Amino acid sequence: MWFELNNYEWQAIRLSLIVAANAVAMGLPVAILVSLLLRWPRLPFRSVLNIVVHLPLVLPPVVVGWMLLVVFGVRGPIGSLLNDWFGIRLVFTASGAALACAVMTFPLMVRAIRLSLDSVDSGLEDAASTLGAKRLDTFFTVTLPLMAPGVVSGAITAYAASLGEFGAVITFASNVPGQTQTLPLAIFTALQTPGGEEAAAKLATISVILAVGGLLLGEWVGKRLRP
Amino acid sequence: MWFELNNYEWQAIRLSLIVAANAVAMGLPVAILVSLLLRWPRLPFRSVLNIVVHLPLVLPPVVVGWMLLVVFGVRGPIGSLLNDWFGIRLVFTASGAALACAVMTFPLMVRAIRLSLDSVDSGLEDAASTLGAKRLDTFFTVTLPLMAPGVVSGAITAYAASLGEFGAVITFASNVPGQTQTLPLAIFTALQTPGGEEAAAKLATISVILAVGGLLLGEWVGKRLRP
Amino acid sequence: MTLDIHLKHTFPTFSADVDICLPTPGVTALFGPSGCGKSTVMSAVSGLLKADEVRVVLDGVVLSDLHPADRGVGVVFQDGRLFPHMTVDSNLRYGMKRAQAGPVDFAETVELLGIGHLLDRRPGKLSGGERQRVAIGRALLRQPRLLLMDEPLSALDAGRKDEILPFLTRLHDDMRIPMLLVTHSIDEVARLADTLVLMRNGSVVAQGPVGDILTRADLDFASANQAGAVIAARIVSHDPTRGLTKLDAGGVMIWIPMIEEPPSARRRIRVPASEVSLALDDPGPTSADNIVSGVVLNLRETPDRRMTLVEIAAGQARLLSQLTPDAARQLRLEPDMPVKALFKAIGVQVV
Amino acid sequence: MTLDIHLKHTFPTFSADVDICLPTPGVTALFGPSGCGKSTVMSAVSGLLKADEVRVVLDGVVLSDLHPADRGVGVVFQDGRLFPHMTVDSNLRYGMKRAQAGPVDFAETVELLGIGHLLDRRPGKLSGGERQRVAIGRALLRQPRLLLMDEPLSALDAGRKDEILPFLTRLHDDMRIPMLLVTHSIDEVARLADTLVLMRNGSVVAQGPVGDILTRADLDFASANQAGAVIAARIVSHDPTRGLTKLDAGGVMIWIPMIEEPPSARRRIRVPASEVSLALDDPGPTSADNIVSGVVLNLRETPDRRMTLVEIAAGQARLLSQLTPDAARQLRLEPDMPVKALFKAIGVQVV
Amino acid sequence: QAPVTSTQTVFAAASMSDALRKVNDAWVAHGNASLQFNFAASSTLIRQIDQSAKAAVFISADERWADWGIERGLLVKSSRVSPIGNRLVLIAPNNSSLTRLDLTKTTDLVALLGRNGRLATGDPAHVPVGRYAEQALTWMNQWTAINPRLARADSVRSAMLLVERGEAPLGIVYETDAAVSTRVKIVGIFPKESHEAVTYPFVLVKAQDSPDARAVLAFLIGPEALEIYRSFGFTTP
């Protein structure tokens, strides 16, 4: 049957979902934080941060994967710390794939969140502070709910883009079936094989179905959040 | 010198800028239109359109390039029409590269624009209509300026992402130095060549500089547009 | 000619069912407690509310068949709705550019509203009252054939109001632009409106000429200290030494502080019931410039028994006086009894 | 105890330089034309305006050293600022949850503001006046130690105002919460405020007890028909048959419509100058329930020469009467002359 | 022979780009019009030719895609030659304790990898170097043991990067790539018989077959070009 899936394909689906979900879960809080930082006009090195945030968007995915390897590899500045202190190795693991996706989709999240953040009426935050809410309290009860459409949109974009992320994942996490072989890697592998078009089409269809699920969820949440 | 560029590299820079600019120029009006359509809740096939818009985000770039090749190739349904009627060939041309970038960045544009569009106060559009402005007039004088932050953000995201777009471009437009070899393709080619890392790093740096120029322009325009 | 409004609309917890027929040109005040549906009526007339059932006819033209942009209706929204991305100048000119040339002049309007120094500013940097004035200007400069104003003067000080009200009156008198005005101020009603529509809970409780409605003791106006007589008058002569102008109000001579109008010009005046004292005999030297002899037409005690409203016929004019029920008893007032109505010249409002 | 406000701030085209010292607890009205800087002062006190120079001291506590959240200041903003993503209920409880328990009761406030049926709704679906009432409720329930209200009643009808004003008075009287109130209504000033600050163009033109300021003829109040005497009075007795209550106002007996207060309770009353007529002799039977003998203290003609304001001493009380300059001449009024001040019981406002 | 004045396009595996640019310089020096190149993965290139891209010559990094193109009738079968090759080598990071060893059927690569180490190479599913590695490992009877320990990269360069960064203690790459890296050392060379010869097939594209195209192909496999390939480390017979 056309829609029979082999074991590796099931694994790829499961893995893709896990990786995409983890990428969003990892990236979103940081993206919110960075958006808030960037909103603050007197932040030192503001433009540097802004550039760094956008790097993954600008550079070819393979280069990003390459840079991740340099930074998060066992010999990299962060990777060696993670390895020495916690025994965490990211390369060749699903967490590494999620990290690659999180990094690649990070600029998309930040852009969406900033867009919403810019449209938050600061008068409402002011009102909250006269009602006794301190900075964090105001953030969680007023700012965050009002910027929620951007957060949701950013999360959904990141989820969808993670489902399609190829270059950075294969470079950083490599293509280990069952561990880091997400759907796009499986699709790519199929395409690189003479006669693999049908398998590729099947996997691409699955990818689209997974994404549509996320989109619908996002639209639904977005609608509920709108005041 | 480290920063001496050969002819091909200069061409890649020029081409990347042209391709990115064209991608934005092509994609943006359509993205605005589609965003407006999607805002209309009773649009028939609304969810289908929504899914189609997001496809390029979800699918691995190579697959998108592949689909473009099938649709816009000289044997494809649209490609053959363009070829027969106007003698336009997109595959293997700079216009094709721009098309690939436009398609790949389309979901990003639509998402940004919709986010801004959702935060436009419809009361202001109402006010415009009582002042004698018809639908299009209201759109251009009220809605568009108020959603401008999203349009600008979408354009900048698309520009930056176009500068980094690899898979779809190399598949659909191929990697012809001076014609379709944009910066990411040149970076890829350099990386594939033994000892090409330095050249790749140089090109990546240039890519970042070009992107930063766009980002700064975008921030500047965005700031001027904010009421 | 008339403005007819038929509206039925239901919100989850509120429904409006309104039939209003108003003479045009004229100024109609919509009056009623918060949440009674005034803004809802305005939205329906402007075409912005997609009401369940709505028919608006202005002088034979079925407005409700037209797109809001084609209705030629100028709206001052309760919540301002200035375009935040445009300067004050662009806001003001927005409707003007899209309308045919009309009687409302840009320079004059800006001058009168005192917003000349704000033209280059964005609405975000205006004070509340400044915003409201710009909103009024924008609606006027749109050269409307019908003006809808939802509490247009609520954020303005008395001085500014005193400047704007006569301008609105002139729009009405000279340019014959009909207006529908939501206000909570009986003073504005009296000074501007010909017709009063009293709403409550989504329906119309009373509608009619301002004079009639304001003197009806069964409505809330009397107890709210807002009753008064509105009388059409003609200028008879000026007395510069005394600083007074004599009016003929239906055969009764009434003195008011001098106004700059040629003799025989017609003005409407309002004599608030609170200003009018009653006496049985000539009271001797007093500060009341006007001592009008009349006959008690009727006495009405308000439901809360705190006030008696006495209607007095003097010539063709009707005056209203409000007093304590006790004073009415002391004077033994009863219909057809002759009385003197006393009131000061400065108590008379020229509207 | 006092509330001291020192503020210097410059906007591109406007600068405020304000020094205000107000007695607390008490209600202070900020009064002045649109754009004169009232909201700017409010923002500085609440801490939301990062002013060039600002020092706010409330009863010895330097508020301006505190974060806005710690100032304990309840604010009713001119532009509402309800949280659009919360229900009315959550809006109301937002500040309450973050404050210590206090004297303002949720159920009572909701009841009084008439917003009980709106609790589950989002602000986007409220009428203008409903929004304003929720904003008032939110600020009150925050249990403030200082209440700032920027035109809190502007969108409300007279009936609703009449319900809310006494509640605010009670907050002031019973709970001793000081208030700073921006309003354009002299009626609200008279009914609520002890102290009046008159602003113009970013500076304070006059400040002092309401009674003093309102009777000053050099200010705009007189010409705007807003002058009046505010007098402290004590209830002497009730006369249920006549429906009147007798007050002792500094030795002068004044009748007002009956109020439900025990004898010897103290109330402030306001006698608008427009309500008071003057006569030289006893006028015979008249509707004026109050005929007070007094002595002319002084006469002031307004700059526009349309009105003469006469101050009359009667016992310890001061009354104001406004008349045309002509009437003043006719009566040959001059200082120290004995006169009768006539006014109706229903003309007296209990504030 | 008369110089070629028409623009001829060569579709070539990306790893050939530097060498081919040099060859083009020589070609131009003979008075011919400069060649146009399209560098990408072999699979991408042949698919583009399938969509009637105007290529004169196809240079694949992998015999399989040449076979596929010939089967589909895209390429001129008779023109196929494989003039250059490469050697498959085992590499380790510079600081590795491994010393040069002879790779034989008995070399225990799993032991060399240590407990958790992975062997980096191209994905055998589609990257040529990975397929040669699979053959070699199979020859050594270690494929089943090593397969789960592979780090499958999308190109030989990515595989080498994993070794350079110390993520993988061992890698299998081409000699040409290992030669230019200063951070890896060649630990062993796989014997010729352990895998199919690493060759780069050059084929004419049927749709663009012309005397000019044939002249280009002839030059690309001619002695002058071969000298250039050698200088880049490719082997020639």
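Residue numbering begins at 1 within each chain, and the chains themselves are lettered A, B, C, D and E in the order written.
The rule we apply is simple: a residue touches a chain if its C-beta (ideal position, glycine included) is under 8 Å from a C-beta of that chain, and two chains touch if they have at least 3 such contacts.
This structure is a prediction, so every number in the text was calculated from the model and none was measured.
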Sorted by label, the chains bordering both chain B and chain C are none
Shared touch partners for chain B + chain D come out as A, C
Computed over C-alpha atoms, the centroid farthest from that of chain C is that of chain E
Of all chains, the one whose CA centroid lies most distant from that of chain B is D
Across the interface between the identical copies chain C and chain D, with over half of residue numbers shared counting as same and under half as different, the residues used are same
By number of contacting C-beta pairs, the most connected chains are C-D
CA centroids of chain A and chain B: separation to the nearest Å works out as 20
So, in whole Å, the Cα centroid of chain C is separated from that of chain D by 25
Cα centre of chain C to Cα centre of chain E, whole Å, reads 91
In whole angstrom, the CA-centroid distance of chain A from chain C equals 61
Chain E residues touching 2+ other chains are none
Where chain A touches two or more other chains simultaneously, the residues are 62, 66, 167, 188, 191
Residues of chain D that touch two or more other chains sit at 79
The chain pairs that touch are A-B, A-D, A-E, B-C, B-E, C-D
Note: in the complex, chain E contacts chain A through residues 41, 43, 64-65, 67-68, 118, 120, 123, 125-127, 150-154, 158, 161-162, 165-167
So, in the complex, the side of chain B touching chain E is made of residues 62, 66, 69-70, 73-75, 91-92, 170-171, 174-179, 181, 185, 188-196
The residues of chain A that touch chain D in their complex are 121, 123-124, 126-134, 137, 141-142, 145-146, 148, 225, 227
Note: in the complex, chain D contacts chain C through residues 11, 13, 31-35, 38-39, 78-79, 114, 117, 121, 125-130, 132-133, 150-151, 154-160, 162, 184, 186, 220, 224-226, 242-244, 255, 257-258, 274-275, 277-281, 283-289, 305-307, 321-331, 342, 344-347
Within the complex, chain A is touched by chain D residues 46-48, 67-75, 77, 79, 81, 83-85, 94-95, 98-99, 122-124, 138, 142
